[in-house]
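Before I ask anything, here is the structure I am working with.
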Amino acid sequence: MEIKTVVMEIPEGANIIIGQTHFIKTAEDLYEVMVNGVPGIKFGIAFCEASGPCLVRAEGNDNSLKEVAIRNASNIAAGHTFVILIKEAFPVNVLNSIKACPEVCSIYCATANPVQVIVAETEQGGGILGVIDGYRPKGIETEKDVQDRKHFLRNIGYKL
Amino acid sequence: MEIKTVVMEIPEGANIIIGQTHFIKTAEDLYEVMVNGVPGIKFGIAFCEASGPCLVRAEGNDNSLKEVAIRNASNIAAGHTFVILIKEAFPVNVLNSIKACPEVCSIYCATANPVQVIVAETEQGGGILGVIDGYRPKGIETEKDVQDRKHFLRNIGYKL
Amino acid sequence: MEIKTVVMEIPEGANIIIGQTHFIKTAEDLYEVMVNGVPGIKFGIAFCEASGPCLVRAEGNDNSLKEVAIRNASNIAAGHTFVILIKEAFPVNVLNSIKACPEVCSIYCATANPVQVIVAETEQGGGILGVIDGYRPKGIETEKDVQDRKHFLRNIGYKL
Amino acid sequence: MEIKTVVMEIPEGANIIIGQTHFIKTAEDLYEVMVNGVPGIKFGIAFCEASGPCLVRAEGNDNSLKEVAIRNASNIAAGHTFVILIKEAFPVNVLNSIKACPEVCSIYCATANPVQVIVAETEQGGGILGVIDGYRPKGIETEKDVQDRKHFLRNIGYKL
Amino acid sequence: MEIKTVVMEIPEGANIIIGQTHFIKTAEDLYEVMVNGVPGIKFGIAFCEASGPCLVRAEGNDNSLKEVAIRNASNIAAGHTFVILIKEAFPVNVLNSIKACPEVCSIYCATANPVQVIVAETEQGGGILGVIDGYRPKGIETEKDVQDRKHFLRNIGYKL
Amino acid sequence: MEIKTVVMEIPEGANIIIGQTHFIKTAEDLYEVMVNGVPGIKFGIAFCEASGPCLVRAEGNDNSLKEVAIRNASNIAAGHTFVILIKEAFPVNVLNSIKACPEVCSIYCATANPVQVIVAETEQGGGILGVIDGYRPKGIETEKDVQDRKHFLRNIGYKL
């Protein structure tokens, strides 16, 4: 077994969501989750079929994001994993609906940060072990940082 | 720390679901999730108790699947993990209810494919890092493959 | 890439929950999940911001548990991960609400056992690959053990 | 405003589920919920479109149950309500997935008992106020009845 | 058909939750929801079986609350409805888990206020149409009332 | 007891959602559900406090929709009910998150149609019995109508 890191391609202004699922129906079901979630969302989905023809299956309403999702999924190359790229919406808008999709097992990450996916490779195939999502902490917030954090969330309207 | 791969035993026609949980009550609660989910489902569940007697705890309504679940869980040997084998039903029928079980943390995979579980071993114990679920992609679907995929799902009645 | 184990600090009588999330709002949202969940719960939450100032963000209603959560999160040092320490309540009381928090991706573990977190380190940052939650199995339950397990759950009032 | 009772037609061996929803997509989405839920389930769905052509929209995989659903929905005649008839499965198998359907507002009842739907009628249209689901209580269970209830659930395998 | 109001009995310091469900297993399942939810919760549950023996079925861990739940359910006397009385916990702690119980259809109310249940009676049986939960509004909040509301929620620790 | 109909005011292009809840925190929690759901959503929320000062409590990010929500809630005048008006988004985008809000009991309707709310009035207060959501059915869909319905959903991108 070999363990390698695969760098995700994330277009400017996009977020990436990576997860584990278990059925070819995922491509259509996640498409519906996206369009149900946010009017005007732009997205691409790619899913690594893990038996039979073993194709990277893809859906979406934005060709560019679909292409990026396909490239990322192809590079991860792990059976039954999926990659979603979204614009004009944020993971917080759709994550609970993805988690509730009846084929989805779990979500590895949802982020606009640089992402490295840690992949195990055996003779049989590949599997995601984890992700490096952005950067490691540089410090611990002070009382001032706490206040700034609260003001920030209230300024952008997420909290009252 | 050592990292090894553990091959899952999956009987012909069965699906396997592997996850992380946190309480001995899991064995009974997952039993109920299964019988609530699908009339006539056949299943076996095994759970690795992670403290005290540290026994592999098992429930189910099919002795053969229960035996397989126990062997798989014993081979993974990772605290608070569980393995479910099902027949006469599919993961899509029960996965959301497993995710909603109040002790369950997450699902590593749900599949009928060959599965290798990547396990970390320390002096203290073992932990699942990830899974190899089936095979790596061999290509990207063409427009023709997309049509075939859609027809397939509609032929088996999953989509209209 | 380097893979290391990070030992969690878990105070006597406390449980730890470790997960992956994706937004600074997590600190406040998980705070609310905790207080909504159980009257009288004591807890501390720490979250590794993964971009910009990259601070460990923390909330809670118990300073000692908040300090422990901060130390654990700082030691894991993986972007967008969170650590919760709870007392006067159990993971089973709050886990479904944490899973349903709109920023949360997944839960790595929920336990009162000793925990080693397996972390991958690259030049970019760190990421959780898995956890060693307690100890590996020492055997398989006998019919007598099954009866004891059922009596135990009924004696403590969890089942009828 | 007039208040009337509408008697539901429930074929031998079938269960009925009645609810409130809000979008023509409900017919297809509930179809998918049913087929995702239980392999081999037989069902019919009817939905009262509440604007534009105001048609009773129907889906299903059993023509007889679809006809019954249409007759029941037509008799209730309340905007945005739906009626599902199922066989070879039970409400407990599918109810949580129906509740989680993104258009569904609420469920009025799920039962194999005789059902009378209480409908308010105004010049504008009709609306469900409630249901009479089966019969009123005839007594309070004794200690012996409690034991019988517990044995019954354990005999049919729903509890351990 | 007759429509009547039934006054609920709510002990000092208790909250009442009233809902619609569909299976005798509800009594045990709601018991488990309660004990899973909050350590130390005190509660009584009563459920109106709607076919066969048509008994009011009851569970709980507090005899006094169980008696009150039975009296309330007997007075409502509507098939497949349930009544829960809780102390040492609040509806916000358990309501999502009740909604997710696989037999539960819907919740009519959750409150510590005086409650009148509006019940329709036919020759066949009874059904809940709605509830009067507390009192009608006396005015609209001013800017000062908004500030007081926010301070109140922050003073009791529900918001930051 | 008196039963009356209350006509909802729904601005051009808006949708209304009406439900039952149980705590003053609802106003802030539903505010957060809305902003978490859809970037750019415009909404107003009003909630009928049912004890103490019994004020109509309101939040939102659009004053006009907030005013309409307050008028509607004041006219319904039923304890612990809430009214949400939304623009730039649809109920399907936010309904599951509203259902999952820990104080919410149930949803009466979600619609852009004319709505009449059926309210019971006693000396104590008011309660919602049901809603007339749009118009009653005028017919049953033909095979041609089924095809049109499917094309419509695919043309607007909701299904593939």
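Labels A, B, C, D, E and F are assigned to the chains in the order they are written; within every chain, residues are numbered from 1.
Everything that follows uses one rule, which is that a residue touches a chain if its C-beta (ideal position, glycine included) is under 8 Å from a C-beta of that chain, and two chains touch if they have at least 3 such contacts.
Model, not experiment: these values are computed from the prediction.
Shared contact partners of chain A and chain E, listed by label: B, C, D, F.
By residue number, the contact pairs of A-F overlap by more than half with those of exactly one pair in B-C, A-C or B-D, and this pair is B-D.
Chain B maps onto chain D through a rotation of 180 degrees [Cα fit, steps of 5, range 0 to 180].
Once the centre of each chain is set as its mean CA position, chain B and chain E turn out to be 37 Å apart.
Separating the CA-averaged centres of chain C and chain D is a span of 40 Å.
Centre-to-centre, using mean CA coordinates, chain E is 22 Å away from chain F.
The multi-chain contact residues of chain F, meaning those touching 2 or more other chains, are 3, 28, 36, 90, 92, 96-97, 99-100, 102, 106, 129-130, 150, 158-160.
Residues of chain C touching chain F in their complex: 36, 97, 100, 102.
In the complex of the two chains, the chain F residues touching chain A come out as 28, 31-32, 35-39, 59, 61, 88-90, 92-93, 96-97, 100, 157-160. Per the touch definition, chain E reaches chain D in the complex via residues 1, 3, 20, 22-25, 27-28, 48-51, 53-58, 70, 73-74, 77-80, 99-100, 102-106, 120, 122, 124-130. For chain C in complex with chain B, the touching residues are 3-5, 90-92, 95-96, 99, 106-114, 116, 118, 129-141, 145-146, 149-150, 152-153, 158-159.
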